[in-house]
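Take this structure first; my questions come after.
Note that the chains take the letters A, B, C and D in the order they are written out, and that residue 1 is the start of every chain.
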Amino acid sequence: MKTLNKLMSLTQAVELIHDNDTVGIGGNVLHRAPMALVREIARQEKKGLHIVKTAGAMDVDLLCLAECVSSVDAGFISYETEYSLAGHYRKAVQNGLVKGNEHACYTVISALRAASAGIPFMPVKGLQISDLIEVNDYFTRIQDPFSGELVTVVKAIVPDVVIIHVQEADKNGNAKILGPKYDDVLLSRAAKKVIITTETIVPDSKFAFSQDKADIPHFLVNAVVHMPKGAAPCSCPSKYSIDRNNLDAFKAIKNKEELKDYLDNFMTEDYRRY
Amino acid sequence: MMSTIENENYQVSDIMICAMARLIHNGENVFHGVSSHMPMLAVMLAKALHAPEAVYLNIPGGVDPKPKNLEKYTSAGAELYEQAVAVFPLAEIFDLSMRGRLDVAFLSGIQFDKTGNVNASVIGDYHKPKVRMPGGAGSAVLIPTAKRAIIWRTKHDKRTFVNKVDFVTTRGNIDRIVTPLCVFKYENGELLLDTIHPTSSLQEVIDNTGFEVKYKSIEYTPLPTKEEMTILKRMDPKNYRNIEF
Amino acid sequence: MKTLNKLMSLTQAVELIHDNDTVGIGGNVLHRAPMALVREIARQEKKGLHIVKTAGAMDVDLLCLAECVSSVDAGFISYETEYSLAGHYRKAVQNGLVKGNEHACYTVISALRAASAGIPFMPVKGLQISDLIEVNDYFTRIQDPFSGELVTVVKAIVPDVVIIHVQEADKNGNAKILGPKYDDVLLSRAAKKVIITTETIVPDSKFAFSQDKADIPHFLVNAVVHMPKGAAPCSCPSKYSIDRNNLDAFKAIKNKEELKDYLDNFMTEDYRRY
Amino acid sequence: MMSTIENENYQVSDIMICAMARLIHNGENVFHGVSSHMPMLAVMLAKALHAPEAVYLNIPGGVDPKPKNLEKYTSAGAELYEQAVAVFPLAEIFDLSMRGRLDVAFLSGIQFDKTGNVNASVIGDYHKPKVRMPGGAGSAVLIPTAKRAIIWRTKHDKRTFVNKVDFVTTRGNIDRIVTPLCVFKYENGELLLDTIHPTSSLQEVIDNTGFEVKYKSIEYTPLPTKEEMTILKRMDPKNYRNIEF
């Protein structure tokens, strides 16, 4: 049987992302962030991206430093305790370069669920007394038509493209996440396009003959990049933990010029063809 | 009292974790989020002692995990998936709270005022913030919907406990606020001093709180027991729980 | 570590269901329907139940014949082609004994998703031009507050109890479905109480030491009944197919008296303790 | 023409299945529901021949399954999970259609009128129905949202094809209606005769249709090819496809 081969290079995959796109990012804080794709977005100098993530860290921080970002819709943007704040994101928001659209992580999830179901908004039970409703145009209150009570709703967020790093994928785009899936499966359902980087390319027959089927089916996926260490220096469960030296090096970066060197140092690894 | 503390080498983090653990009752569904080493250890401690049937829920989605080794840099990693019996990911934990069935959520914030408002968003104007915070993560939706929100914060100063927050991220079912100096409880619409840590004093709490400290009686936070300390040290031999101090 | 043992008899489990409860039923048409629970509901002569299922068959048909049912919210109630219509359901609706609340299967799903998220209603994209909106009080149209456009919404359905048959569960209620899960996982999240029957009781350690974790976590579950053949005469994937002789015998039943004999014949099997 | 048919022993179900299969294009996402042996075989046939990259979606949630043996009593069983490459359950298939990305849905109904209204609900009053139907399953939400809804119905009579339906369950993107006598297409808001099965005739279609049969030209549904019949018989050796005739 003929199959659709979606294997391509990192460069080709990132060319599917356009300036001003809404980009959803998989993983959570320093876990399974699609860092090779993030680095290539920075190298290709994408502009005006609208980033969507429940809880982001280095990925969003790097893209803010690279000046690729126009807005961030997220519940939490920070490294966890040990690596402290996302300084470049914070600075960009405080300088007015990036609009920080604050959500609860759950309202990001609700907005993505709305996108996935093709509906324009989603009611959210928990957002009740909050200044967030008044200051943001993506929240509002409406009447429940059945009880007459007020309910807060969040506007759908439809990512133009979602970038996800997985441990296993076949060349057609069937992709399997080992360990915590975070919000990646939902992201793949909400987006118009999905770009996958994968630690390993598995044979087409692997998922068919396993009880462990793919989490993301091929027909949602537009690009597959074979990219071992594609989440580094972030962690990739069952494959590797964080790369502390590299994280320290990144945290020491002060400006865009130093970022260029940092990105250049990854080029051999990111552009290697497997 | 203080000498006992010195003899036993209690850290403030130990006292805070034990205070949090004791707020967890057997059989309750309990959640914590990112950057939450102390609540993570509090849940594990409670399950090891008085609340074995507390249900441990977390961001990676492992139900009742038994992590072999904790990580210094995260409380949201795959180790909280190890030996979990079921998968119940973050989105579903939120849903659980929304439908009124999450018993306890450990949450944080940046500013708290005496009427129970929580700011986890910004200092200054929202659209042109003087300081942009990481964001409240789950706080804005969990504090109103969890049966009991337990707030913890490793700073206790007049910029944290203020007369009026800069921005109301949320307000809701606050049960306790655990700080390095004391425990506040929320009663009849206002924060009251619940217990003072034996490592602190009423005066220190007053000096570091931006609103009038009210209390019904002066009580002290019980010290960690030997059993608690033994388990804490076994679960966290590298003392990650003290990372914020 | 102490654990909560939720093992009980079929009789005890069904005593958790009260007259006039809203009852969600797992499985799909003749697949993995919780038939032992359904039979016991009929034996205990529950009254006024509000049944919820995307696509039901023998389960709903039997409960209608037993006069346990007040209303059915479903997208489809019928056997598939070979076994033709659900005659007792049809008759009960046509005689006015049962209110047949017609949904699309998806609006049942949407109503359960709303319940699961604690919200009073859910927008549904697909229900556009349809008499169903006018004749049913659980559908209505509201304005999307962001675009001003009309959108159809469905009212939440919160099952008081959900009954599900699985292949594996431990005594605490962690339950695993092998093969198609249909809408059972969602049902378990939407309901106030969950009753599980299971082909096998697995050791408490089984899910902890497997990559294949439980689909339904113990803290959502109120009762576990060890019930091999608990879906028969319906199918249970990886265990057994339909029991054609028994299905034929049921399809030949004309009235409530004959149903009593049919149910009596199952008592040895249904009441056996394992 | 008829003699060829007799020689080759074509069943009407074979002709209908091949007509449906040819409506599936390579690369399209295709769904069918319960009680749908003919669409099930049409999708499998299309994938075996001209549309190998069509994506086969179904109620059990197996993506592109390769069932070893079909079942007589169901088109929603675990055999449609066998050798599937991914899991994409019913709820997500609906979502896919809602967001405009389901290409083809095979659906049915009880009554159809000339303007494309579909009734899958009741005959008579909704609240006191003369005849209560099984229900439209996915029809009410998929016919408006799938890019192309292909309706199939094993009855073609004046109670099925009526001037005006008793109840409008839905109306929407109907592409074709495949019956035992012919194929209708939906164009500019009305049903037109597309092709007449070689086993039938224009007169038979007219005699069994409750509204005026309009057409642009008289065309016949192509007969199944030898290759199609070979594959059909291999996939369905027990002729379950003919169960409704």
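Here is the rule we go by: a residue touches a chain if its C-beta (ideal position, glycine included) is under 8 Å from a C-beta of that chain, and two chains touch if they have at least 3 such contacts.
Note that the coordinates shown come from a computational prediction; the quantities given were computed from them, not determined experimentally.
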Chain pair showing more contacts of the two, A-B and B-C: A-B
Between chain D and chain C, distance of the C-alpha-averaged centres to the nearest whole Å: 28
Inter-centroid spacing, chain D versus chain A (mean Cα positions, whole Å): 40
Multi-partner residues of chain A (at least 2 other chains): 117-119, 124-125
Shared interface positions of chain D, touching two or more other chains: 62, 98-99, 145
Chains that touch, pairwise: A-B, A-C, A-D, B-C, C-D
Complex interface listing, chain D residues touching chain C: 33-35, 37, 59-62, 71-78, 80-81, 89-91, 94, 97-99, 121-122, 126-132, 134-142, 144-145, 167-172, 243-244
Chain B contact footprint on chain C (complex, rising order): 1-4, 115-119, 170, 172, 174, 189, 204, 207-209, 213-219
Chain A residues within the chain B interface of the complex: 28-31, 54-55, 74-83, 85-86, 89-90, 93-94, 96, 100, 102-107, 109, 124-132, 135, 179-183, 186, 235, 237-238, 241-242
Contact set on chain A toward chain C in their complex: 110, 114, 117-125, 140, 142-147, 149, 151, 153, 155, 211-212
Partner chain A, residues of chain D touching it in the complex: 27, 29, 47, 52-53, 55, 62-63, 66, 83-88, 92, 95-96, 98-100, 145
